[in-house]
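Think of it as A, B, C, D, E and F in the order they're written, each chain with its own count starting at 1.
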Amino acid sequence: MPVSYFLVLSALLFSIGVYGVLARQNAVLVLLSIELMLNAVNINLVAFSALLGQTGVPGQVFALFVIAVAAAEVGIGLAIVILIFRNRQSVDVEEMSLMKW
Amino acid sequence: MPEGYFGQYATIGIFVFVGVALVFGTLQLARLVRPNVPSYEKSTTYESGIDPIGEGWSQSNVRYYIFALLFVVFDVEAVFLFPWAIVFERLGTQALVEMVIFIGILAIALLYAIKKKVLEWL
Amino acid sequence: MATIGHQIVFWIIAVVMTVAAVAVVTARNVVHAALYLVGALMSAAALYILLLAQFVAWVQVLVYVGAIVVLMLFGLMLTNAPIGRASLDNNQRFLAAVTAGVLFLVTSFIMVRAFEGQSIDLVREQGTLTESVGEVIFSAYVLPFEVVSVLLLAALVGAIVIAKRD
Amino acid sequence: MFDITLATWQILVIKIIVILTVVPVGALVGGYAEHKVMAHLQHRLGPMYPGGFHGWATTLADGIKFLYKEDIIPAAADRKVFSLAPAAIMVPIIMTYLVIPIDRALIVEDLDVGIFYLLAVGSLSTIGLLMAGWSSANKYALIGALRSAAQLIAYELPIVLAAVVVAMLAGSLSLIDIVETQNWPFAIWPPGIGFIAFLLFTVGAVAEMTRVPFDMPVAESEIITGPFTEYSGMRYIFAHMFAEMGHMVAFGGIGATLFLGGYQPIVPIPFLDFIPGVIWFSAKTMFMIFLFLWIRPTFPRVREDQLQKFAWKFLIPVGLALVLVTGAWVLYV
Amino acid sequence: MAKVGSPSEERAGARGRVPSRHPEEGAAGAEGRFKTEEMILNVGPQHPATHGVFRLLATIDGEVLIDADPVIGYMHRGYEKLVEQRDYRQITNLVSRMDWLSGINNELPLALAVEKLMEIEVPPRAQYLRVILCEMNRILNHLMFFASFGAELGAITPTFYAFREREDIQRVMEATTGGRMHFGFFRPGGIKEDVPEGFVEGALAGVRQVIDRLPDYENLLVGNEIFKQRTIDIGILEEEAAYSYGVSGPIARGSGITMDVRKDEPYLVYDQFDFDVQSAPNGDCFDRFWVLIREVGESARIVEQAIEGLPPGPIMGKVPRVIQAPEGEVYVRCENPLGELGMYLVSDGDRRPYRLKIRTPSYSNVSALSYVLKNTYVSDMIAILGSFFFVLGDIDR
Amino acid sequence: MAQTQSASRADEALERVKSALKETISEPKVNFGTVDLICEPGDLVGVMTALRDSEGIECKFFGFLSAVDRSELGEGGGGLEVLIVVYSPVHFFSVAVHVPVAAAAPACPSVSGVYSGALWHERETHEMFGIVFEGHPQLSNLYLPEDFEGHPGLRSFKLPGRAVKDWPGAKDPEEAAAGGR
């Protein structure tokens, strides 16, 4: 099976994620979109791993690490969102300019 | 229907549909015999016989979030524990030391959480 | 025959995944968006199984669906986001769509060109064994493995410090 | 797999039929056992009339009764999520049956990732509970959903750690391999380690089933039936009763497989081999189920924070330590 | 679909109807606490844990109960007005229905009040039988709460045990009075009729069985570690607060108060029996429950003694055909199973009372609930509600 | 025997109450073992505090608070009065405090500051008798619906059913002859 199938699907998922990040105003939804993007990365990693056969196992290992990183990212990201929500009663990305300065 | 690896997962995939079919099939079956007499009173939200104050979709408490976070951390740990569990015997002491360090660091996380009293609610 | 079977399965997964992913970024209800994400993640897991990476697939289910989505749902219930398109999206939807579209076209063009003709041999009898995954982690990638624990520790400590500020 | 040659699709059909019988029958028998065991533990008889002999048809009658109940979806509820939730709870439970070996050759699929698959699939029910609780738009349901989700995730970890211990002792994740390596059941040998893991598993399993003493999420005296407060009729059966019983049978089977030697005789005496593995497996599963049933009339329920503290401050540290101890045992003893 | 809007605004609207917000909570709570996390939850009137139509307006934050306001009146039947329209004979049967778990104890103070005003001498046999019946009723009541408290904490087994024992005593009561809940057996001047044959044996067997099995009950719940965790130091009602709220009965005695009308101002023939006033010092759910269980044993002891000393003789004093209490007023206090049941009778010499104020124990006890419930867990709320042993009919009258 | 004991206790208590409260009260007497006294609304809070705290009295236990509408009571009659009963768990006697209040716009200071238990009793008395307890934190209805009209505790409030037809309670010959009222 051509590897490009998977790569294109991954690219599609990534682009949808990008759309979500750009178009969504709600911070939690932005995080959800980032998850889509990370998954796109994982699909690529696993696809390459399958492409390489037995030597490609490190690809899967990297996918595991990406999942671990995603877990940490979501944990911290949501904590920040919750903190901002507590202080401002809003989860609008637009209004979250406090980090800018 | 191929055998082996894909055969196994094909079966599992089919069972997903079987499970869904079981649930919704029974619901359809029930539709044949059950009464259906909707009324306004029946479709109201139950709150001990009183009209609810506020919304049902209120927020939860931040403590639940921290529990979930703790769980995520240890769940990721479990992910690495399983591959380790089946190879550590071959790799010997070195692998055990690696896991001791890994678990040690996560134990610090748990200790920190306990120390910070995120498990206390009042 | 096997390849055709794989093709069919791939297309089913691809369609489900795309629909679910699009639903994630367009849903009007935040909880629905999170549940659509479950769909997208599950189809990704199915894709991993198709790519012989069964361990990664079940890790995806265990960690992503069983833990991260639960965390997301808790987060959503904590922030009580309003429901409705207008308040969830900003007014750059068109711009975002164009950017995403261009990005998709460019990347997929590059990908297809770069990996033209290479194909995955899926007609193996065995998926990747958990054992081999374990061997790779604990021989070649010990350092990243330990770093993961530090990362998780840091994330937990950070999140507790942030969220606990009453 | 079988000596008799069957077409793969025939085997598949047989598997589907078997699972479709085992799951409901297991739930019905579990429900009946619950009625009767609890009754006798409480100095009473329990159901005696339906079906004639000791009320054997009670649960069947219950099920049929629920078939005839009206299915009400509250106006405030999120209809789509509300109707999907029972399936989201039920399907993962059915999925867990697929990898439990009833006998050497009697298993739907023996996966290389066996235990891990069980845990991954098991963790999906949490989403279903959150869906049920959230979509009901009911405060009791929401509180119940949060409670159950927090509890399920907290008590999944002791089970995971117990399973890791088993995997370490067996050196494999495949459930067939795990059973085959148990000359002595893991609950007996290695001394201490296996038994502690078994206890961790049992406690975790009771909590995962949200049964007394860990039934906070469905505590009827506090939050009615928690996430299922708004459910009625068949949906309620699937989301709650059937799920609980299905869970109980599944956990019974898993416990028997992981710790009691599954279809192997309980002690490695060749003489006992004449008893078929199915009998051994069923007996051990029933023992596990009896254990779960025994706990229920014995305890009051614990409080939500006590429950969380118990998991995080006691069970999980013990589990982590046990993993390391097991590692040392396997390497050096 | 949920409404879009400021949640705090909506809650403020709802809050308007919520009574008695405690000042220290209002100021510090609103600022320091993340207020949108709060949720107002109705517990009751139709809720499994409220023993009837009792409603608790609970403000909760996650699992923590910030504030709770009992709302009562769903069962208000206006006893104090009704009795002004009925003669004394009818009232005895009416007040029997106030606290439906201890019907015969409710009839007693009315009979005593009328007897005091009319200066009727009650024959000793009637007095003894009254004591026996009252104490048996007390055992029934306490066992009922033993059952329900366990059930509320999620332990189902005590229910079945308690009901098994209740049944034996219930049968004796039924054979004697003809009723299982509303006995209607006491009359001003004595009791309705003499006890049937087999009463003495039945009652003795019943209470001896209770005495025998009491250690079992204690082991079943009191010895259980989870039960201790759920009740010790939960829902503390201090002695001073208990006095100030007028809390009485086993609840007050769980707060270290040794107040028992039977002992302090003996009525009937209680001063002739040897029994102890059980009390426990801490005022938590465990102590309240412990006192309750202990009182079962004391009541059983009283019944045993009373049966032993049961004198022969008439069961009715000299009572005129139409009971007309002379002009005057009298206050009678009795130890109801749940606390002090007082009746303030104002008579204008008619066949019916001019005014009868009924001071029911549950009413005063429950008024202390919002004090105790502050800053507890939702699960503890149930434990506390259960440990406050109230009967709705007694609160609402 | 028991009666005499409590009667003598009440007599001693009466003396102590008299000496502690002096002229803020009137007509102190012992009535069936209960110390009975009358007090003006203005003095009420002071009297209750004294009853609770004075040495030798210590009526810490709050019995009840209610009201009696004496307007139809015999010739002597009388008006509306608030009735508070407290009990001394130390010296074992009860004190009944009668507080006459004006029939028109009845008002009385709240004793909820002295006895927390009065919070509910005052709410009940308020809705049943229309007595306003000044200083009560929240005097809303406890039993009756918010829009209920009238004060059922008053003698002038006739039960609607009774106004039309007497309760079929006439079983005695005397009663039937008297028309049942």
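Just so it is clear, a residue touches a chain if its C-beta (ideal position, glycine included) is under 8 Å from a C-beta of that chain, and two chains touch if they have at least 3 such contacts.
No experiment lies behind these values; they were computed from the predicted model shown.
**Q** State the pair with the higher C-beta contact count; candidates are B-C and C-D.
**A** Looking at B-C and C-D side by side, B-C shows more C-beta contacts.
**Q** Taking mean CA positions as centres, which chain lies farthest from subunit C?
**A** The most distant chain relative to subunit C turns out to be F.
**Q** Starting from the mean Cα coordinates of subunit B and subunit D, work out the distance between those two points in Å.
**A** 14
**Q** Please report how many Å separate the Cα centroid of subunit C from that of subunit F, as a whole number.
**A** 73
**Q** Can you give the whole-Å distance between the Cα centres of subunit A and subunit E?
**A** Their C-alpha centroids are separated by 61 Å.
**Q** Averaging over Cα atoms per chain, report the distance between subunit A and subunit D in Å.
**A** Once rounded, the distance between the two centres reads 33 Å.
**Q** Note the residues in subunit E that touch 2 or more other chains, in rising order.
**A** Within subunit E, the residues that touch at least two other chains are 2, 7, 34, 36-37, 39, 41, 47, 62-63, 377.
**Q** Touching two or more other chains, which residues of subunit B qualify?
**A** 3, 47, 52, 55-62, 64-65, 68-73, 75-76, 78-80, 82, 85-86, 88, 106, 113, 121-122
**Q** Which residues does subunit F have that touch at least 2 chains other than itself?
**A** If we look for residues of subunit F contacting two or more partner chains, we find none.
**Q** Across the complex, what residues on subunit F touch subunit E?
**A** Answer in residue numbers: 1-2, 6, 31-34, 60-64, 66, 68-70, 72-74, 83, 85, 87, 89, 92, 94, 96, 115-117, 119-121, 128, 137-138, 140-144, 152-153, 157, 159, 162, 167, 169, 172, 174-175.
**Q** Sort out for me which residues of subunit B touch subunit C in the complex.
**A** 2-6, 9, 13, 57-62, 64-66, 68-73, 75-80, 82-88, 90-91, 95, 98, 101-102, 105-106, 108-109, 112-113, 116, 118
**Q** Would you tell me which residues of subunit C are touching subunit A in their complex?
**A** Counting only subunit C, the residues touching subunit A are 3, 6-7, 10, 14, 17-18, 21-22, 24-25, 30, 33-34, 37, 40-41, 44, 47-48, 51-53, 55-56, 59-60, 63-64, 67-68, 71-72, 75-76, 78-79, 81, 87-90, 92-93, 95-97, 99-101, 103-104, 107-108, 111-112, 115-122, 128, 132-133, 136-137, 140-141, 144, 148, 151-152, 154-156, 158-159, 162-163, 165.
**Q** Under the touch definition given earlier, write down the residues of subunit C that touch subunit B in their complex.
**A** For subunit C paired with subunit B, touching residues are 1-2, 5-6, 46, 49, 52, 54-55, 59, 62-63, 66-68, 70-71, 74-75, 77-80, 122, 124-127, 130-131, 133-135, 137-139, 142, 145-146, 148-150, 152-153, 155-157, 159-160, 163-164.
**Q** Show which residues of subunit E lie in contact with subunit D when the two form their complex.
**A** 2, 39, 41, 47-49, 60, 62-63, 150-157, 160-161, 164, 221, 224, 226-227, 229-230, 377-382, 386
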